[in-house]
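Next up is a structure, given as structure tokens.
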């Protein structure tokens, strides 16, 4: 089933990596609070934000994602005490590098979302989707084979 | 290749109203590996679960995807269901189509599309799953408590009362810690010794408790349930088994110039000594630095006078190896050094003392037999100034940024005791804030002010100077907004407290993480306050942060209950979603070790066989019993040797691919 | 440089003779003046072929990984910049310090044959390094260059002439010293461009990549037994840049994998047959690390944690990338 | 028959369907493959190989175990040792595979071997390529003189195609002589116990025979030694080689031993010819 | 027939050559000169002797799709979707690169024919160009290649202000027809061209590497050269990268890999290098475990195995790219010197 029909308004595909303990729970809370956010935000559950490998982020762009967001516990609240601190350094450097290579900087984002911040999760996703919509489809970091081809 | 069953839950109308569950089930059939799919009203109900079990049996499924509510809700349920049907519980994946789909979207067509994609991602991940088996390890039913202060004693007693063996390792010659030095305790003013010494006796007499005083932890290995610890028993010079504790040696010892540590150096002790009368064990120690026999070889008086023949100059340090299931850190605190606080003249004026020294001066067993006398001339002081927050809540380099928590209350206690014993003594207290958030604390403080007439001055002391045998205290009164100068006979400084310096090396040894102030960090600041992030290591007392005696005892009990909980298990079942090293890929570079918050990674020389090439080299090894599965190591590993079971690189990338397809 | 070479030959000879070392790792003279090859020498006589000149740029540190697995001690000659990589390899337990004997050799700046070729030098018959000048005799006439104009990029932006590790030094007094420029200048320049300009710049550079892996294989930090890009089970195996994405992917991930570890030795750019300024990726990381987490240069010492293996609670947020100026 | 199917390049595979799977040993399965409309995918000669692949998983060269005389299906005996073979072991009947070939030379059954006394020596999975020859020889039995088969494995359970050996090869008069052996004694095994090379030596075969060997490299090496000790000349011995292959047609450049490409000039080599090749296999 | 054209009109020539087909020629990209598709804006650099890569790419590209698959359940469908075949011209190919196509032909056009290569070979017209200023890294002459008179469908010379155009094959003649109107007859300049050739040959004879002797490098020396103890010394500096193989006009090893696009599987082939550690890696072992064996393979192949299989033709054309590009300056000329006859030392 095609995700984006021809002619339909551009709906950015957003991959959200969420840590199991805070942000995924925050996303759940957004759900149980019936807070709406765009349908093309898809969450991938990881144990901790420090599990997010830059490879995964590039992979998402390769396969056609228009934006990638990583959510973790607030600094100091990591279930594993320090995972998000490492993740924070890694992402700061990676995002800076992507920016340096001319990938639109708005396409990557980190947000700390606690299990209690369902509203923050939904708001973040809404805002992020808006930002990405304004940027349009990700062309600078896509793999034509994955995006355009029949096979 | 997997044979996957997909089970789509309606969750009544919770899901079915926004997601066409039949369409999701149908669509998933075209995904690789899927051989069966169905939908059901409530997958988590017995009916739903039995449908899963039947399908597993009927279709020989190797894995199942349940499209339902959040995995945080029912992942455990469906894992159990799978296990009952003979499937490995880790061959279950959940597609969260309720919280992250049906509940947030209103358009059924869109919701259905998204649910299909989420199901697809779960299938894609499951195609890369392998059965995981949780490791098991034995639990050694003995606990080690490091530190024999009130925290350590209380933890040990609680654990021992539950029927488990406990060893206490204490670096000084006696247990009792700082509390033994105190005179009275706030807010009830009962005598510290009266409530502590019975506990010390209980601990020494308890059949489940072994005391290792004058001993230190040398090294540790192992992991939760299975620690091996080497304890260094320092040579006492006295055979504990023979000594009767008669005290003749102490009396006859010709060397009496050593400063008494217990009395904060306010008086002297002999070279062979016990720290205080109620010390446990009641066995003296020879201080080799001040012993004439050890320094010059001539003397031997104690040996001559000892009828029990307990003196043993040749005694050497002894290393004892013991095994433990759990370890409690109760290393306590010490007041900070006031060396660099020149403004208070602590080093220069003998009558400027710390609060702990004041405790000893007040104490009936102390250097002044309980009479409050100035150290310089042994005269009773007429005016005493207490200074709060010396080094606490500091903004300067040499101080501590935190509040030491206990000073407000003990200063109120000291002021009150002084006024009670010596009503004609004027007592001033300089404070920044008075913090009394404890049961009966504020009442206590108000009594000091209102009933005992202690002068509380809000402000800091800028300078203390000695002039003609008196101490000129210059301070500011922020409320009156003026400078005050008080001529005092004695100044008592409420020095900030800091973790005992031995904590740092222990922290490294146990990979127990510490904050910037060297207090041990807890596994979770709110929810797991007595556990260290390293499994099997628990925290008791001030080593975790400043606290008073009631809090210390409460935390000691809490730590004990955690220890008991651990020791009561015969086996520990690990989390199988832990890191694993692919040895042929490992470079032995150590970067993973550096980011592991649990110290679960060590390095060993292994024979690695890679495509027929054999080489012995340094590779990283994950201790599955310690690893908690955060995955920090997997990203720091450049070669991809380190991977996280249950969340492997390939699994997550498969999800990414499926979502973006 | 000739003085240094003579010092090297005589010390190596002595150490081989008295058995202090079993092998010597240095550079062997080639066909032309500009093509010395890293080589092991195990006899005093063979040292006649040991050369050290303005083209001894190839770093020897990485060879020690394999060399120290063998019996015996290796004498290695390290230029100042090579010692950073040496320290890094020690730090990651790749090289056994006990099996090495390091002579730090003085460096007068290494020269860039590609730059010379771009300046129209062809048909080289011989060369002479005369102080701060380089004279080249070619089939098409003689040419003379100032050393400073034909330095390798890594030397023009040299980190310094101090050896960060050595057992002894071979540094004569009269070595030519040159003015270096800010190694981050080009990075800053790129940062000042618009996102679109940067994209165009990097596309132009990276699209030339032929995935020969020279950058990776010459890199002292890329010393994985098996690179993720070679591993069919890694999920990201890529032998050729079948799509422009893979050109980006390979270089981003490679730079990320060496982030906080890169010694800025410049070998990646030197060995690139396509002259892609790969060091600009690594230097971007170094520059960011310095700005975000405090000055850090991998390889300055064996001790200490690299920036990506530690953290501070007050570290900058990744959002800093969005907040700073520029497009 | 899909032999007529036209493909624009030899690198492009055709389809096959797995119609039967049987487990021979704990790590060897034999797969029966048909063309999409039945029959074999293409004709071959004994000893030749085919490239099997599962798109997205991998492609590898396997020797064709079935005899060319079998026009109904092709068979491949495959040992589990890498990601592709793991996948193949997990698949079920009805799975389609991509197949291309045949590749390589064959045992010279129509030339040198004709009329000769044949001695087949196989170890473990090494029976796979020889099984094709043995059945070919059995089919054209009159074209060949005596036939001896020595086959050994680590244990009873590691003997590939044991049912066929027992039911078809043994006990048919003096058709073929089968000598089975396993490395170590085992309960339920009353046959010979010895390593293949030792067993070969003890059987003391006359040097009139031509030997065809296949098995692990170490076995081949020692069997060759044993045969030489019995007086065999290397020119009387054929064996097969296995190296990493990609194209199957001698172009991709990786399976050469000296100037010979195993995929094109092999996999069957006469041992005296191998003398001329450098020792890099 | 020899034609000529003022070099001022080269732009027009390229315009014409690019009509209805692709025209590839040496272009400047970021200071690097490599063959690329001509556009009116392109910076053509015919002065640079050595492009980074050779013209091999156009006949045997670094990656090329072979076939695609779709998988659904147990079913596989095979989809032939090879890249479209289109006519093209490669302009400015030097003698060494022009000869390299003979080497590649030996591999790809022998039975079984590689249809992908064959199609490109048929579609491509090679316009070669004589070298004007040979470099010290050149040694084509030892393989019998005449830099002054290269092979090709059309051979060109830049002499003075003119481009001379000499058609040599039917393909070349057909191409000439499409551009003939731009040229004028130059049959009268044959002595000029011959003189220029002589000048080039004179320079070539003075190149340092042109005295190398290939004596002893043939199939009969296979075991002797293979067993030489010098390989370990020669290979010790090799970092195992693929620079030499990828810039080489004759290296033709390839790998076949599958890529899952998410919509199906693309099977493509891409250049591979015998210098890579995983080139011959198998699940249970590797016949070439160390760089010594891999290094030996490359040079044995070029100097012994290939001539043994191809009537003495070496798989090297002396273009000197590897000499110029090796990160550690090890190359085939050093190997020839070390393993060859005395005369080389």
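We call the chains A, B, C, D and E, going by the order they appear; numbering starts again at 1 in every chain.
Criterion: a residue touches a chain if its C-beta (ideal position, glycine included) is under 8 Å from a C-beta of that chain, and two chains touch if they have at least 3 such contacts.
No experiment lies behind these values; they were computed from the predicted model shown.
*Asks:* Going only through chains that touch each other, how many steps at minimum separate subunit A from subunit D?
*Replies:* Minimum step count, subunit A to subunit D: 2.
*Asks:* Determine, using the mean of C-alpha atoms as each chain's centre, which chain is farthest from subunit B.
*Replies:* Measuring from the centre of subunit B, the most distant chain centre belongs to E.
*Asks:* Have a look at A-E versus B-D and report the one with more C-beta pairs in contact.
*Replies:* A-E
*Asks:* Using Cα averages as centroids, what's the distance between subunit C and subunit E in whole Å?
*Replies:* Centre separation, subunit C to subunit E: 30 Å.
*Asks:* Compute the distance, rounded to whole Å, between the mean C-alpha positions of subunit B and subunit C.
*Replies:* Here subunit B and subunit C have centroids separated by 46 Å.
*Asks:* How big is the gap, in whole Å, between where the Cα atoms of subunit A centre and where those of subunit C centre?
*Replies:* 36
*Asks:* Taking the mean of the CA coordinates per chain, how far is subunit D from subunit E in Å?
*Replies:* About 40 Å, centre to centre.
*Asks:* Which residue numbers or ranges of subunit D touch two or more of the other chains?
*Replies:* Residues 58, 91-92.
*Asks:* For subunit A, which residues are shared contacts with two or more other chains?
*Replies:* Subunit A, residues with two or more chain partners: 54-55, 59, 63-64, 76, 82, 86, 90, 143, 145-146.
*Asks:* Provide the list of subunit C residues touching at least two other chains, using ranges where the numbers run on.
*Replies:* Counting only residues that touch two or more other chains, subunit C contributes 226, 228, 233, 236, 242, 308-309.
*Asks:* List the residues on subunit C that touch subunit B in their complex, please.
*Replies:* Where subunit C meets subunit B, its residues are 91-94, 222-228, 231, 233-236, 257-258, 305-306, 308-310.
*Asks:* Can you list the residues on subunit C that touch subunit E in the complex?
*Replies:* 30-32, 34-40, 58, 62-63, 113, 117-118, 122-125, 138-140, 204-205, 208, 210-214, 216-218, 226, 230, 237, 239-242, 267, 270-271, 273-275
*Asks:* Under the definition above, what is the set of subunit E residues touching subunit D in their complex?
*Replies:* So the residues of subunit E in touch with subunit D come to 66-67, 69, 71, 74-76, 78, 80, 82, 107-108, 112, 114-116, 219, 222-223, 226-227, 252-256, 258, 260, 265, 267, 269, 272, 274, 279-284, 287-288, 293, 297, 300-301, 304-306, 308-309.
*Asks:* Could you list, by residue number, the parts of subunit B that touch subunit D in their complex?
*Replies:* My answer: residues 1.
*Asks:* Would you tell me which residues of subunit E are touching subunit B in their complex?
*Replies:* Touch residues, subunit E against subunit B: 71-73, 260, 262-263, 281-286, 289.
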